Every structure is written in structure tokens, then in C-alpha cells.
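Okay, structure first, notes after.
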Amino acid sequence: MINKRVASCAIAINDIKDGDTVMIGGFGEAGSPIELIHALIDHGAKNLTVINNNTGSGRVGLAALIENGQVAKMICSYPRTANSMVFPELYRSGKIELELVPQGTLAERIRAAGAGVPAFYTPTSVGTPLANGKESRCFDGEEYVMECAIKADFALIKAKQADRYGNLTFNKTARNFAPIMAMAATNTIVQANEIVELGDIDPENVVTPGIYVNQVIEVSKPLQESKLVKEGVVYP
Amino acid sequence: MNKHSMNSVAENNNAIVIGWTREQMAQRCAQDIEDGCYVNLGIGIPEKVAQYVPAGREVIYHTENGLLGMGPEPRFDELDPDLINAGKKPVTAIPGAAYFHHGDSFSMIRGKHIDVCVLGAMQVSEKGDLANWSTGAPDAIPAVGGAMDLVAGVKTIYIITQHTTKTGSAKIMPECSFPLTGQRVVNRIYTDLCVIDVTEAGLLLIELAPKVSFEYVQERTDVTLINAS
Amino acid sequence: MINKRVASCAIAINDIKDGDTVMIGGFGEAGSPIELIHALIDHGAKNLTVINNNTGSGRVGLAALIENGQVAKMICSYPRTANSMVFPELYRSGKIELELVPQGTLAERIRAAGAGVPAFYTPTSVGTPLANGKESRCFDGEEYVMECAIKADFALIKAKQADRYGNLTFNKTARNFAPIMAMAATNTIVQANEIVELGDIDPENVVTPGIYVNQVIEVSKPLQESKLVKEGVVYP
Amino acid sequence: MNKHSMNSVAENNNAIVIGWTREQMAQRCAQDIEDGCYVNLGIGIPEKVAQYVPAGREVIYHTENGLLGMGPEPRFDELDPDLINAGKKPVTAIPGAAYFHHGDSFSMIRGKHIDVCVLGAMQVSEKGDLANWSTGAPDAIPAVGGAMDLVAGVKTIYIITQHTTKTGSAKIMPECSFPLTGQRVVNRIYTDLCVIDVTEAGLLLIELAPKVSFEYVQERTDVTLINAS
């Protein structure tokens, strides 16, 4: 029988090891799987390459993972936010590597990995420093840059609903990177607000089909990052 | 011509402001957002454009973090941390909205489906090159977000910017000195002083703010402007 | 005001002109926009390049369009079906051109056009005759073929629900090529079983956002191709 | 060794059939479909595999026209022309199914997310090359469908095929003479006579149908087989 349900975040993330590449869903706090990230902090895997649009806020969630020294490299489009201080400090002191990728190219590179496409051409970044060192090529008289797929060992994402097959729905703009990261990782771990029965999600409305999901954990009342940041909470 | 007289700087710093305010710049730009357009608004002054679109025009707003049909700010009791715009501020969704993931959202951008994008600028070149993400300073944390995708993919790029920097340097110049966001991507520039179209022939000044002369603008621009009037 | 609703299929397809490239949704009869195709037959535009997974059945719908001599070239993955006789005859007598594309490559090439990606690499068809004359390239020791985007002047598709913005939902496996074709065409025309009010489609469940749609026609009781084929109906 | 004796052909044409029937081939293959697998079944004998998967195993079927969680044939009153499989036959959807478009469906295939695909074959080479879409005859209407995508993308490719053609020619051969569907893609071959694994060392015969000898199979195969037993 297929049952992707797992009892806790700690069990789910237990196989992440030093040096792994980990995609983490979310755009700012929307869609950030904060309980899974905190479990990864407790777990302690180091030297990680982390893919996220940002670098976290305050001293919880992704920012806390970075502050804890577990992240060797970030791949992201916007490593600054109003309340981000952890990453900038480490970056300026040369303690963390950054691969800056335009947001749409980041999304398409992740999607490409999930779709079995090793590389593609995009008009984004042509003529800018982010195209430096990349192959370019003309199609129909326009110049494009070649970009390669980004895959990961693990994806940690947050969903609204999940069933035991791993089918997922999301809440509003918290969907963001989760569906494509689920496709691009060897092992996709989901914290869902609610685990529902098979068939409760209309097959027409499944956003991420279960085939992309390996483990599902119910976290019915997830922490709210912005609230923790405002309260000055530090994890752990 | 790179630095302007202390006099004009003083004019800007004191309240003897000549030209349009930030609100008026947004308002002027909003006149050019046509009925039925799909529009993406950048952070800052561009965000203000939505509130000035003339009544009777139905415009659909895209936010690159996965929503087409973005509505205004929520009331306090409608706040949902899962419903935000690209600037990470809370928003609402209108009836007829659609949510989608980042792959699909940037397909919409890159695939030239969005009609208009309004962005801020640090520098704009004579050819329509845009620099708006980095000063290139060695200690800066580079952050680009979706800007490069937007300028590469959206059909029409409008820029709203102060005509000069706070210290009075020109922002409209022969070549951008800052790292580019995109090459030959800007269609029109709305500044506090005027509206300029980027054309094959050069920068065409198509409209002046009240009480601003062509010469006044030219003096604050590092490129020879063509006067449309 | 945005109102993409149009009164009839004839009005909607009226701008298709000789020599245009037209994507037609459907996998067999599922999702085939038969009323729009019949309107295109009435309209008479010739020398069309048509993109569809198949070549139609019997002598109605797509097969009738081909039989009517309006199609110069088909781009498809499977130009044979149980009841297809029109295409095979024209093909054997050299009266119609065929570009055969593996189904997944066809889908990805269409999606690429819609997503602003001019070309991508795929493992599909490597070492087969369908890779002949195409560039190949190694990534991580594996060989891939470069494939280019396919765009179109028009897409004719069938949806379950549509609203005046052009937001769409589909019925079961009739979804197939419609969402990607809607993205890849300059002008997307939709026949929907039902036109609903704005907001009737939950924003979480919109499959094709209205931005990809230009015109919407309500066809509440569409013809069923297989039934017409069984009855030996010939269009017009 | 390309053509076999009239005797063995006669055996096949008359009812004195040696080896497995089509149903038994499907049944044998079904033993190797593990619990929890995501499986795509080709048209013909492969379709029959689903009904023989041992009880207690939960298998999820993918059909490339946009459904994960395909169920059995519908009852007459459940027929929906919009719910079909890749062979365009009516099917059902199980609770927990998901619909998606062709772009997403073939991403699932190409991206190596599907565990097993079972397909028919015209020819299989010693190295696991597969030919199953065209005889290369000049007057044939070429039609490939999703076969090339499936063999390029699915993790494990099982082939179910008669061991020889109707006229007794070998279908398992050093090099395919028909146009390929994919290169080095086949993992295991189920024929009416035996089960063969494609390995680095060569074709490994791992199981014989009842009353079939290794020599009998070897005689009908254009490649020297390795006997696993």
C-alpha cells in the first residue's frame, strides 16, 4: 500500500546528509516550510547547498539554518529582504557562497530538472553581468543565453492539503516554487496543513500529483515567520 | 554636464520643487495603461500606478510570485500571509483571478504575454538599456529578483524615475555605468520633469511637466534629446 | 471592460487567413473543438499548417478540414487512428506534408513557445531517425537533441468552463494539449461548454489563466466526434 | 538462423503452442510490478498487465494523455468520451487521481518520475535498442506517438513480445534493422518462451516458460544468450 505519511518532520528529514543540495519552497515567508527547516537545524546536516528565492528573515526558519552554519552555498534571486541580516553578514565575510540567478531563470532551471530537460535558452540576462561566462546563441535574430537544469537531493515544501499518495494543493501565493521543486528533487518532503482522504482532492484540482512527493507530514498549525521575526524569536 | 549646479540641487532638496511629484508621475503613467491590459508593477512608485488608472478601464495585474488578478491592499481582517505581492506586501485577489506556480508565472512573463511592466530605474541609456538592480559596488549584496525576466519578456517597459539622482547627476545617459538589467528594453520613461520615448532615432521628449522647459530637462540629461513638440 | 465572449464560432475564427499556422487541441476526439473546426471549414482558409496530436477520424472535424484541402502541412505525433482514412490517402499521394514529432517533444516544443524558450535539449529520439539532421549535445555524459519552439498564429481549443476574462477549466483527459497551445498561439480561441461569471472558477483551480485567451464562445452541447464517425456523417 | 524450420512455425500456427499465452506473458510481467510503483502500460498485451498485478500491491497507472491514477474500463453508464487512455479507449480515474496537460504529463515521463513502462516490440537488440514504431517501409504512414518519450524517460522499460515474428523470424537480434524507438533502453524482455534481462555482459535468460528449453529459445534468437540457471 502506498502511504507517504510520516509521523514527524524529524523522521522525514533524517536522511539529509552533509553536502546535500536542498531546495526549500517559499517566497519570503509565504510557503516557507518552517517546521521542516527547524527539523533540519535540529538534525545538523552541514555544508548544504540551499536553493530558495531569498535567504530568510530574522533569526528563524531559513535565516536560522544559515546562521547555524549549515549552508555552504545559496542559489537564489534575491538574497536581501527587509529583515535579513544573517546572510549579508556571512556573505560579506566570505563565509557563504552565492549563486545569483534571475528569478524566472531560477524557476525555469528548476522546472527543467524536473522535466528531464538538461538545458534551455532564455532571453533573460542577455547583455548583463549574469550572462558572463554563459554560452549565448541567436535564434531568429535574437540573442539568448543557455541555462542548465538545477536538481536537488531534497525538496522541503509546504502545502495546504495532502493525501496519502502525496497529491497536493496549496494556499494562494504560497504555491510559488513548491510544485517545481517537488519535480526537481530526488526526495520531496512536504509539510501540509491538513492530510485528507484519497479522493477529497478533486483530480481536476490537484496541483502537484503524488508521483513527485515522497513524504508527507501534517503540521496543522505552522509557525508564522513574520510573527516570530517581529517578536525577535531566535531558533533554536 | 555630469553634475549640475548647486542651484538646481537646492531646488530639488527644498520645497521649490519643479515638475511632477511621485504621485503625479504615477498618475501620468497610469494614463497610458490601456483598457484590458495585463500589467506588472514594480516596487516603489510603480506600485502607485494602479490607483490612478482612469475609471472605466479594466486592467489585470500580475504579480510574479504567482497571481494574475491582484487586487488592492487587504483590510486588516482579510490579511493572509500566504497572499502577497512580489514586494512581499499583503494583497488581495479579484474575482476572476488565478494562482499558479513560479514556473508558470515566469513563462507568462518570458513568453511575452504581459502587456506592460512599470519599473524604477537607477540609469537608462540612450538606446533603452536599463540598470536598476545593482550599483556594482564591490561590498553590495547582489539581488536581482525578477527584474531581468520582466524586462526581457514583457512587451512594453515603462520606467518611472526621478530625472536625476539625489545629488543631481543625470540618470539618463549615453551608456549605463551600472550593471545592466537588460539591453534595449525600455520603451518610455516618466520622470518628475517629462515623458520620454526611446525611439530608433534617439530619445524623444514627448511631454513636459507644467512649468518645465525643454532646455531645463536637456540640461539635466546626458543625452541630446529630440523635442517632439 | 474585458469581455472576451464572442457570439459565434464563425466570428471568432474569421481572422484566420491562408497560410496561417493553427494549433488544434484534442487527443483523438477528447478535447477536439469540433464546432470551431467546422467553422474553419465554412470559412475556407487554405494552405494551413495544422498542429494536432493526430489527423482526425472519419470525415468530420479535423479529418474533414484535411479532406477539404485546407491543410498543407500537419505537425503531429500519430497521424493514424482506427478510423482515419483521409490523411493516409493524401499523404501517400504527396498532397500533404507531415512533420512527425514524438508526442512529448511536440508538447514541450509548444510549451517552450508559450514560455519564451526558443530551444531546449531532450533525451527523446536520440539515436533514432527522428533525430536526423538535428543538433545533438552531451550533458553529464548523456546525449540530448536540441528542439525548437513551435508557435502558432491561432489556437482552437475546447474547455469545460470559461469566464469573460478567458479563465478556463477542462474536463478530465480532454485537457491534454489545450493549456499549452493556448500559451503558444498569438490568438487563442476557445469553445467552452459553459460560460460562467467571474469568480465562479476558484482562482486555485483555474487551469488556463485568461491572459492566454483571446476569444471565448459558448457551445453548450458540442457534437461528439465518435458518434458522427459511427453514423458516417460527412462535413460539410 | 534468421528463419526457422517450418516445423516450429507450424507449432506456433496450430494449437500445439509451446510456452506462454499472451495472458500468461502479461501475468508473468505483472509479477515484477512492485508495490507502490508508478507504471505506464503500452497498447496491446502490455495493457493486460494491470489485471494480473498480485493482490496487495498498490500500483498507480499513468496514461500519457494526462492522467495519473487510471482505473479500469468504465461500466457502460460511466462512459465519458473525455476520459480515455493513450490508446483512446475509455477508462476511469481512481480516488487520488490527478489530471494534467500534455506538457506536464511528458515532463513526468521525460523527468524520470515513472518507474516502469511496459511496451510491445517489433525488434530488440542485444544492447537493449528497441524498434517498435515503424518497419521503415517507404509507403507506411509514420506514427510514433509517445513511445520515444517513454523509452527515453521511464526508469525501467519492460518489453512484452512474441519471441519471433509470425513467419518465425527472430525479433531479438544483434542490431535492429527497423528504425529505432530508443537506444539501449530495454531492461527486460518477456516473450512467450522466456524472460530475458539486458545486461552489460549480454542477454541473460533468467527464466523459461514451462516445457521450453534453453536450446529451443537460443535457436529462435539471433543473439547468443547467457543462461542464468
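Letters A, B, C and D mark the chains in the order given here, with residues in each chain numbered from 1 onward.
Please note the rule applied: a residue touches a chain if its C-beta (ideal position, glycine included) is under 8 Å from a C-beta of that chain, and two chains touch if they have at least 3 such contacts.
A quick note: this is a predicted structure, and the numbers were derived from the prediction, not measured.
Chemist: Check every other chain and keep only those touching both subunit A and subunit D; list them.
Modeler: C
Chemist: Pick out whichever of the two, A-B or B-C, is joined by more C-beta pairs in contact.
Modeler: A-B
Chemist: Among the chains, which one keeps its Cα centre farthest from the Cα centre of subunit A?
Modeler: D
Chemist: Calculate how many whole Å lie between the centre of subunit B and the centre of subunit C, each centre taken as the average of the chain's C-alpha atoms.
Modeler: Each chain's C-alpha centroid was found; their separation is 37 Å.
Chemist: Distance-wise, how many Å sit between the C-alpha centres of subunit C and subunit D, to the nearest whole number?
Modeler: 30
Chemist: Per the centroid of Cα atoms for each chain, what is the distance between subunit B and subunit D, given in Å?
Modeler: Taking the average C-alpha coordinate of subunit B and of subunit D, the gap between them is 57 Å.
Chemist: For subunit D, give me the residues that contact two or more of the other chains.
Modeler: Within subunit D, the residues that touch at least two other chains are 67, 93, 99-100, 106-107, 109-110, 152-153.
Chemist: For subunit A, give me the residues that contact two or more of the other chains.
Modeler: Each of 108, 111, 115-117, 122-123, 170, 172, 203-204, 207 in subunit A touches at least two other chains.
Chemist: For this structure, give each pair of chains that are touching.
Modeler: A-B, A-C, A-D, B-C, C-D
Chemist: Per the contact definition, I'd like the list of subunit A residues that touch subunit B in the complex.
Modeler: Touch residues, subunit A against subunit B: 27-31, 53, 77-82, 87-88, 91-92, 98, 100, 102-108, 110-111, 122-130, 170-180, 207, 224-226.
Chemist: Per the contact definition, I'd like the list of subunit A residues that touch subunit C in the complex.
Modeler: 108, 112, 115-123, 139-140, 142, 144, 148, 169-170, 172, 202-205, 207
Chemist: Please name which positions on subunit B make contact with subunit A in the complex.
Modeler: 63-67, 80-85, 88, 93, 99-103, 105-107, 109-110, 129, 139, 141-149, 152-153, 179-183
Chemist: Contact residues on subunit A for subunit D in the complex?
Modeler: Of all residues in subunit A, those touching subunit D are 1-2, 111, 113-117, 163-165, 167, 183, 197-199, 201, 203-204, 206, 209-212.
Chemist: Quick one: which bits of subunit B touch subunit C in the complex? Just the residue numbers, please.
Modeler: For subunit B paired with subunit C, touching residues are 35-36, 38, 56, 58, 60, 62, 67-69, 93, 95-100, 106-114, 152-153.
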